[in-house]
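Common to both upcoming complexes is chain A, partnered first by chain B, then by chain C.
And then the complex of A and B:
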């Protein structure tokens, strides 16, 4: 009798434990958190092709993660083999300077800005004035020189090379010593470099075939009273709103970025006024046709040149970014949306898209693979290509 | 022949005697008059029997004798000597429980009327002895007396011609009418599985035993069913049923996930109380605890899940606890600044759920549901669809990642009916 009772008790206990285990297993396999909408690589609109995905892990916090700048390597942009080499920077809300990254092939290198071996220590890199160089790397300015930036691989660091001093470039201006206000390079057929010179009341665009300059530059177009026309375009940071102020001078506005398109026959640049105290900035996009007709000013932020158009940010706020495809009169011929935590326009390059080697506008987008349960976070950089053939009418 | 002749007078005499005796007997049982009248209260008769399958039936037989004495002495019941003439049959039984016994008495009407349930009383006793069973007899007797009070009787007096005239009293239990007034079409579920439908007159009647109870269930489509128990008195009962309409609409909120996502819900019952279609909006915008990633102050991309479903509740519409199931389709949109489009994950999904609902009264109910989902995945070309989200819901990919089966989510909700 006692044995039977003990057997029954054991069986009951076993059944209870089995039931409890089943309940716990059932609960363990249930979803208790709401679905995530965090896509490390977001689906893009029709026409976009994913070229490459780079990831790196970090212990740094990822809030307000964003790109600083993005630039394409000159040589690999035109060789039509895979994704070109890319330079860009990534930063979070706590970092003053972005993490400088070189992406090539499947490799991701972090470049040191302050290496003792380099001539400019620490390297000053104007991330807002980058453009193509026909050689490896890209060009920008350190304030007094036009410099080429490329990586040196062992160990990875920024290797700046002075291409020409700004004063030398200005000495070969059509009107000698006109201040150089903007500069850009090109890897496509046509002019290698163009400069924007401040001639007092007029602005002129001049072609510079080679650096260092050794001959007088050729004037492509000259625009009388151009700066007055541009200044009249500011609506918020005006001379009336800031009487007797000259803090955004010289030249009534800062010329920040400049680019040009040979096939589109125009030069564009960003004219900016900034109130550092109020941390306010007003930017205008200016287009100057090579024909020399009147320039066009619109309150847009430029992204860069693509084919015969300039791309401008209509909306630059995560997760949906929108670009306008503008012609030489800054009329929008099309609009493109791209999605991510942040995105940067890298430039135009010859790449293989949909099995065809063709020119495409390249974008980098940011994503994260971070979870609250781990201190290790993963940053995902995706390179997307949008064929320039789709810029006007969209994909078929 | 001679023998016959000799014996013939005696045979004839015997036959004559038989005929006369027969005539005499007929004359004794001839009914002279028969009158009927309503008398006072008549006691119920009880026949006590013993369950022979019980342990020690001989001792039970002895106890049955004492129970009979108890009933005669202390109740209004009388003991019947024959089972066929008894109104109530009391069966005495016992079951052994370790070292003691459960003494059980069950009383049932011999010809049951209505749905009066048998009266059952049991008590634990140490032994099947008279002393030990005294308390049982007293309590059981009390209960029998209360359950089977004397009933009004119709007395039929039959006067028959007899050598000694005697009056025989027959007690016949009086009936009373139960009348149910209900909308035509009302289904009445009566005892013993019997069913009746109220016809176009809106009335249903049945004669039932007086001083008895009658239980039935009334159901009318689209209305809350009723379980009724009526006491049939001497004058009968008229039950006028009014039905409360079942909810056509139910509105409410679900609270889902550990993020406490509030999900507005609406349900329309096309078969009230049973089948419904509904819809809800589940969105991370409505999450009380939005983020589960400490790096994210707020989500860049929100999801909006538009859910349509159909389902059914099982069982009786008036049951306080009901189970049910739902099947549904959902479409998910991603939304954020500059982003509003079909989601990459689950732009279309099929859902299935099991739910349990508690009626809280006054139109309110609470529910819990477990739900699984089969989601379509639209991954960017070149991206493994199994990992397009971080984190992916618990589940597993199907068809090379084109679909994803989500393991159950369990959530709770409340509804208010209109």
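And then the complex of A and C:
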């Protein structure tokens, strides 16, 4: 009897300890019973070629690593030599901006957003509005200007250069002083820059040959009642659902990312409405044909331009990411998948793939390798190329 | 089943229950912490009297005036003494960033051109930082929206292309801010922001301790000073607390500023 009682007591103690441990694990670890993400370099589908691998070590909490933005350097995207220079950010769940990284050759530079020459004056760059510059670096905006960002290598600070003020660009709009709602650059043949101008009820896409602007922009296409058409596409964040909000939305929706393809003859952009308190966002992808004949709106999130298509995320959840290849009517002509803890579309560049110099869509994928029992972790960034020739029909 | 069998199964049952409970608790504890709070603004007044405008009010997670739909937004008729208090009930937000868990911004705008939307030239108060806490009710007894026709102005004619400045500040004793002893945000175009060098373009009064931690402002002014009117004189005088020790040589604004306002730094004789 005593032995049986002792066995029961031991069993109860075991159960109690298990319960306590399980509860603690549940409370303290969001990864409890979740699959471990430990993929240094993921194998990709046929058609992808690995261009480069970059690694760096860190003590930071990187359990929930993700990319912020990714952008290609203008000059090296078109020289067809190796992997172009790349700018991207890597962040964890606690950081809004993340580490800003410049990848070039075999080197990783961590860029400091704070300019030492101007204390307490961090460089602001809009990570959601990046695009090509025909020069070194990439372009974005600081809110008031279109700026070029490049790596000032010694020491590795960000070097921001104002290319033009937004007010000056607006002063040369076809209808003078129309607000500039979106902007993008291009390194491929054709228009260097395109801007999206808000003309009240209409939106117009205008080509801008050079910055700073000095002559009236050329209208590529004009779309009457465009914003009303776009806004009608929102289903959750509507004016009806937020009755007192119209006053605060003079533009009806935020135009976030904009891109265009000369060969595909259309401009695309993301129209976004956001409830920042509920942390809810609704994004629409809009395509405007250069012919002015159609404006298409679909509930998709754009990745970027590739050849005569726009790529849009269909699934963005580790470890499998899927993109739709969309034509000028936003119809899917193909789908491609890429794998990693996270992935970001960098853009199109001329690179050597399978011994041939050809244009390819470039992606960065993220992997992590734990270093034994140490707190140190190795972050692995892999650069993959997918030839644009495969976009429509896949690899042979 | 014998008692012995039951006894032998108990650890396994306990383990199964523990695993199920742990799974549930881990699911519930993963970034799913929601907070609720209430904000009340008892009154917005214009000390100069009637007629005063209707202002639009929004509570936002970001200090910028436009963009995004506003979950908590309303309008307030300053001229009408029977305008009810503004009550934003059941404000629900999720802890996303631990550093700024309860940070919100109160936005107040006058639709100066009455076109039904915020745009260039509308008059605004600076975006005012407010920290809400889970399960608590925050009360702002009074906001001053004074339509002063001469300098120093009490509101700002805002243009979206103006430079933008964030001013975070710590005040030694927020309870000292009241209608009798307002906190002022002084904006000017010269380094000398003393009273004798004035009047300066803006002296914007804040009379609620709940609004005593930060401002975000679009302005053409390049210098700023915070001061607490300890002697209730309405002017910057000896003994008033100031955010910069020498009000005659104030440094230019940075895009992001962090200041301290305390009893050890006052206007000297």
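As a convention for this text, the second predicted complex is superposed on the first by the 352 of 396 C-alpha atoms of A that agree within 3 Å, B and C clash if a C-alpha of one lies under 4 Å from a C-alpha of the other, contacts with A are read in each partner's own complex, and residues count from 1 in each chain.
In this text, a residue touches a chain if its C-beta (ideal position, glycine included) is under 8 Å from a C-beta of that chain, and two chains touch if they have at least 3 such contacts.
All figures in this text were calculated on a predicted structure; none of them were measured in a lab.
Once the two complexes are overlaid on the shared chain, A:368 sits against chain B while remaining clear of chain C.
Once chain A of one complex is fitted onto chain A of the other, the partner contacts of A:144 are limited to chain C, with no touch recorded for chain B. In the overlay built on the shared chain, the residue A:318 is in contact with chain B alone; chain C does not reach it.
Once chain A of one complex is fitted onto chain A of the other, the partner contacts of A:377 are limited to chain B, with no touch recorded for chain C. Contacts of A:274 after superposition: chain C is touched, whereas chain B is not reached.
Of the residues of chain A, those at positions 26-27, 29-30, 32-33 touch chain B in one of the two structures and chain C in the other.
Per the touch definition, chain B reaches chain A in the complex via residues 256-259, 261, 284, 287, 292-297, 299-303, 305, 334, 336-340, 343-346, 370, 378-383, 387-395, 406-410.
Taken together, the chain A residues at the contact with chain C in this complex read 4, 7-8, 11-12, 14-16, 18-19, 22-23, 25-27, 29-30, 32-33, 93-94, 96, 120-122, 124, 143-144, 166-167, 237, 241-242, 244-251, 254, 273-279. On the side of chain A, the complex with chain B involves touching residues 26-27, 29-44, 49-50, 53, 61-63, 315, 317-322, 337, 339, 341, 368-372, 377. Residues 4, 7-8, 10-11, 14-15, 17-19, 21-26, 29-31, 56, 58-62, 65-75, 91-94, 96-99, 104, 107, 109, 111, 116-119, 161, 163-164, 254-257 of chain C are the ones that touch chain A when the two sit in their complex.
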